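You will see chain A twice below: alongside chain B first, and alongside chain C after that.
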Partner chain A sequence: MRGKNERMQAGMNMKKSFLKCFKSNFYFLFSIFVISTFLTAGCGGNSEISKPAVTISVWHWMTDRDNAFNELAKRYEEKTGIKVKFELYAPSDSYTQKVRAAAQAGTLPDIFGILAEKRDFASFVIAGHVANLSPDMEKDAGLWKNDFFSRAIAVNEFLPDNEFRVTPGIYGVPLDVMNIQMLYNKDLLKQAGIKKPPKTLEEFLAMGEKLKALGIQGLVSGWGEVWMIDCFASNYAFNIMGEEKVMRTIKGEVPYTDADWIKVFGLFKELNDSGLLANGIVTMVNKTAEQLFANSKAAFAFNGSWCVNVYAGMNPNLSYGAMFPPNYGEFPMKIWGGAGSSLLVNDRSLVKKEAIDFLRWLSSAEQQAYLSEVTKNLPANKNCLTKISPILSDFSQAMEATTHPNIWPVHEFPQVIEAFDKSIQSIIIGEKTPQRVAEEVQKIKERELQKRAR
Partner chain B sequence: MKDGASKYILKKRLELVVIYIFLGIVALTCILPLLWMFGSSLKTQGTVFSDPSLIPAHPEWRNYYLAWTKGEFGIYFLNSIFYTAVVVFGIIIVSSLAAYGFSRLKFPGSNFLFHMFLAAMMVPLPGSFVPLYVLVNNIRKVLLNFLTAISPQLAHIFPQGFVQQSNTFILNQVFPRGAYVFCMINVGLSLSIYILKTFFDKMPKELEDAARIDGCNKLGIWRHVAIPLAKPAIAVITIFNSLNVWNEYILAQLILSSKETMPLQRGLIVFQGMHVTDYPLLMAGMTMTAIPIIIIYLIFQKYIIKGITAGALVG
Partner chain C sequence: MKAKSILINYLFVLPAVLIFGIFYIYPFLKVFQLSLMEWDGILPTMQFVGISNFKEIMTDKIWWDSMWHAGYITLIALTFQNGLALLLALACDREIKYGNIFRVIFFIPPILSEVVVGLIWQWILDGNYGILNNAFNAMGMHSLVRNWLSDPKTALTCIAVVHSWKGFGWGFIILLAGLQTIPKQLYEAAKVDGADSWQVFTKITIPLMIPVFSMVIILTILGSMQVFVLIISMVGQGLVHHTDVPVLRILASMTGSSRFGYACAQGIIFGLVLIIISFTQKKLSERIKQA
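Take a look at the complex of A and B:
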């Protein structure tokens, strides 16, 4: 028994001395190892540890497209062997923060997007963060460029002598587009005995009585968010007096008291008098308007192409179509629209060529049709309209008739826009006449012009 | 006399009624959003805005399963638990040591340094995004160079594949997580130091003298006297910082790049599209994310009042 204890004691002593020896030597060896590696660290290159096959890194903010992007990345890898890694950063505010920080640190990914105004876009280009895609877009008589709706390209293009002094060129690849039109509920129109959607304002106004008799609301829209009123009025301003006269009004050469503008204001009175406008449309937010239309509580809606996605979520069985706002004047109607999302190539990317090739593949008709089918957005590629759903195709066909205040050569004063929109609201609630509204808006316009002149 | 007493009782009761009505309204404004969130999590996308009932007649419990699987909550939950535990532990250790130092060790410029910490509370987090990102990125570059340099030596000892995998693991998993944890500790320090210093300032010095007589050094006094007495303040710090780290996403998104390292909030953005938000799943996800923080709050709530009125209770 005693011998056993002694053996155990001896064993423990040995173990202790071994541990002590190991500890002291380990620390010594480890220190030498760390010092030597630190000394040699400066000799290391900047390359990553293991050199992988070509990988393209993409930063995006489009939550609803993330799965579709990953599926397309998988297909691209199968086809070319090039791995594309989509990284989602959302919401858009924090995505913007990340992109700005990465631009300052010089760590932007190979492909990214900028969610900002053209001025910021220009500053990224000037700083050398964005590749000029014109040579690729224009190659083979503009084969790639001609795939897109012109409006989609315009957002990504800097023209010669642009105000930002950016080298002229195309700096982004549009993925989707959007526009704002009118929608009609097929079942409700049928119920009211209306065979086809209205082409002219007279036809439209005549439908008001029929719908009212059946207790069906006419037009719903988010006119509580005043910019949608601005959009609707702008459509008819182009239609009634033409683009040139609208621009001259903004320049201050034509007064808002002009007969054509009174006709634009008067349109809202006529819509209201015919009973077409839904109850409470003046304060209605777009979410409510979408809910009412999706639940077949209104026959018409004025909404953007994103509504296809919204209605699919709210009521997948909704039977509806898209239409141009009914014609009221002699000039072509112009609706608001433009590019939705675009992706840019990092000019300093080590895989710039591969990144451009990937974007070319992503924006081709087949991939665009897939994206459109899955995400229910309008494709930027005009060659895939036959491959997408009829409602999206309806929306897309109007793309060449779109405009947007951002691309107009002149811009209206914010104070005038505010007065313009609010005055239309007061026409709808019967507070003011079109004539009075025109005078009030013109008064504010003159005041702002005088301020500018000073 | 009797009349006066009954008038007094009536007045007191009336006061109580007014106070309770006021508190009831305040409580309702706090509880109603939670109830709406829970109720909406049991509705469908079609009924979420059309069904006015708080709890629907036919609850969609499946939303919770869908939110968990679609939002890939499993990994994010673990990440958030890890970040919250490590950051809060780090804040408690660093801030209690710093606060004790500021309170007891008088050195030149101690007041100035303390006020610098307080000033840091005034700097909004977005203001430090770019410098933080640049700093983290530069440290990563140094680490990358270091690993590139030691790899050949390590390859003599370990298999090449193991070295490469370890380096990738360090760069893609350990480093971003570590960077995020350190940044978040930094974010939570100012307020925590302020709360604890106020607490330690009012702690009787006699208790420390007694500990010194018993043979404690400064660190021992911090460990055996200051920390046990500061439990209410530490509870407040724990709640504040847990809430902050659990709900934090902006900094995480800036520093972390891989999906596998992201916290719980990453799971929620899946349900918020550019134009369409899947409200039932979003609400189900939010309900699930709120539960752990509510539990932490319930555990520590009794300390909150103690912590806030800390000075009066010390010793």
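Take a look at the complex of A and C:
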């Protein structure tokens, strides 16, 4: 009992001495905090007077361009004294999530890019995260704007009366342009006795048997990343029914069960039946497709202009050419293209003017030529096209025949896009017929239209 | 004085409470709030839609199919993965030569990145140049050659097997640790009483291992139901919807369709399903233990 009391007493004493110590230390620490706050505030005041160097913060996802960006940042700092800090966040999915989270938290950097559909781009603008660059672009009779390919600007532009009700204007600076075409391996076609690349779908389908007989894969593409299926199908939708009918379908005026759409879906069945599609194309990621084509394991690829850089890295001796997807309809084939990557200025940035000036410098001919040379991408600035390689030149010539969902006046529901792309996968694996797929996609379209009407 | 003392005591726990509140309670409540909204994740405004997200989930066939797919992966993990883990743990529990080396080897797959494992197995299972198909061809078993990851009949099973291969090391280590806590005297006594190996296993090992089995089963269920990185690295965005699992559907709603409210509602439903499964399993284990 006595021992217990002693322990309790000791405990009380310890607690008292601890509290005493805490109290005296608390006052001491509080005094230090107050003094240091005043001192640091004073320091801050002094630095304001001496005008600290401006630092522009840029977030991006382009792993292949990071070194080039840092080199350009160094050159810009030498020229202007303004420091530009490029921060790379990859892969692109993680980057997208980071930008969204930063937008919600209000911690976006001075310059950033978004990898999203036009709908999400519009939300960023409406939420006040993106500066309208029109006044700068249009200044001096559109001097800055006129440097770019019109398609590159269109992707970053909201026109009057746009469906998202965004104030009309240009909201991004394109860094490069791209388009997605078909590529053919010259040596493999020669080996198969094919003298020239196919112009029509009929010619293309006929090549399937020849290639198969030689054990050569036909077409490879990253159709495991379903947006590339969407891109291929959209090319043919424009080719088979024309732009106007495609837009009317998105508006809900033409059903997906229309004969022309069934022809689009049926195209994938024909490609598969002819043996042209590579084994496992439905789950093939684009990196695998690029490896197969670069290593001459496949005769054709469906890929974007960025592939020039990728193939050069994988196999510098690859002999290949670019071509439009073989014709199947009466209307002009439209391929996806436009701004490859764009950078936006944070409207709430404290260095907004400096950020815009930097982007103007970055998109000028000299810097664009450097970026194009180092990264082998098509420059967005049309004034430096003379310095590009022949294969990039092939791609650049197709720019006028490009389109992109981001420049269409209407936009399809994401749920319909998902159903559309996944259904095409099911046609390729022989699970569903084009007719059934058309009905299923239309059902989802109607459901979403009803939801919107509510 | 007493009040001051109490106040100071509360002051000491305040940081922990704040951290718990900010990083656990607030997000938890926020998910519930968002599940009742229609929000694209960017705009500052949200639209209250009540329970319509939950109603939509109830009729979302792709969502419930994805739940079955996760269940299938879990079933394979519970049987194949844990069966293999138990067999290897029983083997390593005996005094075998190079036992420690085997323990290290068996624990390598779990410490590998899921992305790396997925890519390696994608390469092994590749329909064109994969090692597996080459091996079948070399052995003259041409009928078995196929596009393993592009065939709806085999894609999900391949994913489940790779997931089990990657995960069995965890079960192995936990089960081995459990086996080593069983007193050796019990085995010796059983042998003296004339029990054979099977009787020793069923009458001593299994009953004493039930708490360990219970823990391994819970961990397997929770780990397998939430698998998704492995799937992305093996089949990209999926083979139609045959390889979709709930976490991938939640991601698709959030980043693909920009429907944060719907994604949060999916998250709540998925969480509830996991709680129900875990609770049922716990109750079952308790009953078996009592029996």
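Just so we're on the same page, the second predicted complex is superposed on the first by the 245 of 454 C-alpha atoms of A that agree within 3 Å, B and C clash if a C-alpha of one lies under 4 Å from a C-alpha of the other, contacts with A are read in each partner's own complex, and residues count from 1 in each chain.
By definition in this document, a residue touches a chain if its C-beta (ideal position, glycine included) is under 8 Å from a C-beta of that chain, and two chains touch if they have at least 3 such contacts.
None of the values given here were measured: they were computed from a predicted structure.
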{"item": "Partner chain in contact with A:E418 - chain B first, chain C second, else both or neither", "value": "second"}
{"item": "Which superposed partner A:R100 touches (first chain B, second chain C, both, neither)", "value": "both"}
{"item": "Touched partner set for A:Y89, first chain B, second chain C, both or neither", "value": "first"}
{"item": "Chain B versus chain C as contact partner of A:M62, first or second or both or neither", "value": "first"}
{"item": "First, second, both or neither for A:A278, with chain B first and chain C second", "value": "second"}
{"item": "Partner chain in contact with A:G313 - chain B first, chain C second, else both or neither", "value": "first"}
{"item": "Where chain A meets both chain C and chain B, residue numbers", "value": "97, 100, 104"}
{"item": "Residues of chain A defined as touching chain C within the complex", "value": "15, 19, 22, 93, 96-97, 100, 103-104, 116, 119-120, 123-124, 126-127, 129, 217, 222, 224-226, 278-285, 292, 297, 414-415, 418, 422-423, 425-426, 429, 431"}
{"item": "Residues on chain B engaged by chain A in the complex (per definition of touch)", "value": "45-46, 49-50, 126, 129-130, 133-134, 137-138, 141-142, 144-151, 153, 164, 167-168, 171, 249-250, 253-254, 257, 259, 269-270, 272-276, 278"}
{"item": "Sites on chain C touched by chain A in the complex", "value": "5, 8, 40-44, 126-129, 147, 149-152, 155, 234-241, 252, 255-258"}
{"item": "In the complex with chain B, residue positions of chain A that touch it", "value": "33, 36-38, 40-50, 62-64, 66, 87-92, 94-95, 97-98, 100-102, 104-105, 107, 287, 291, 295, 306, 309-310, 313-315"}
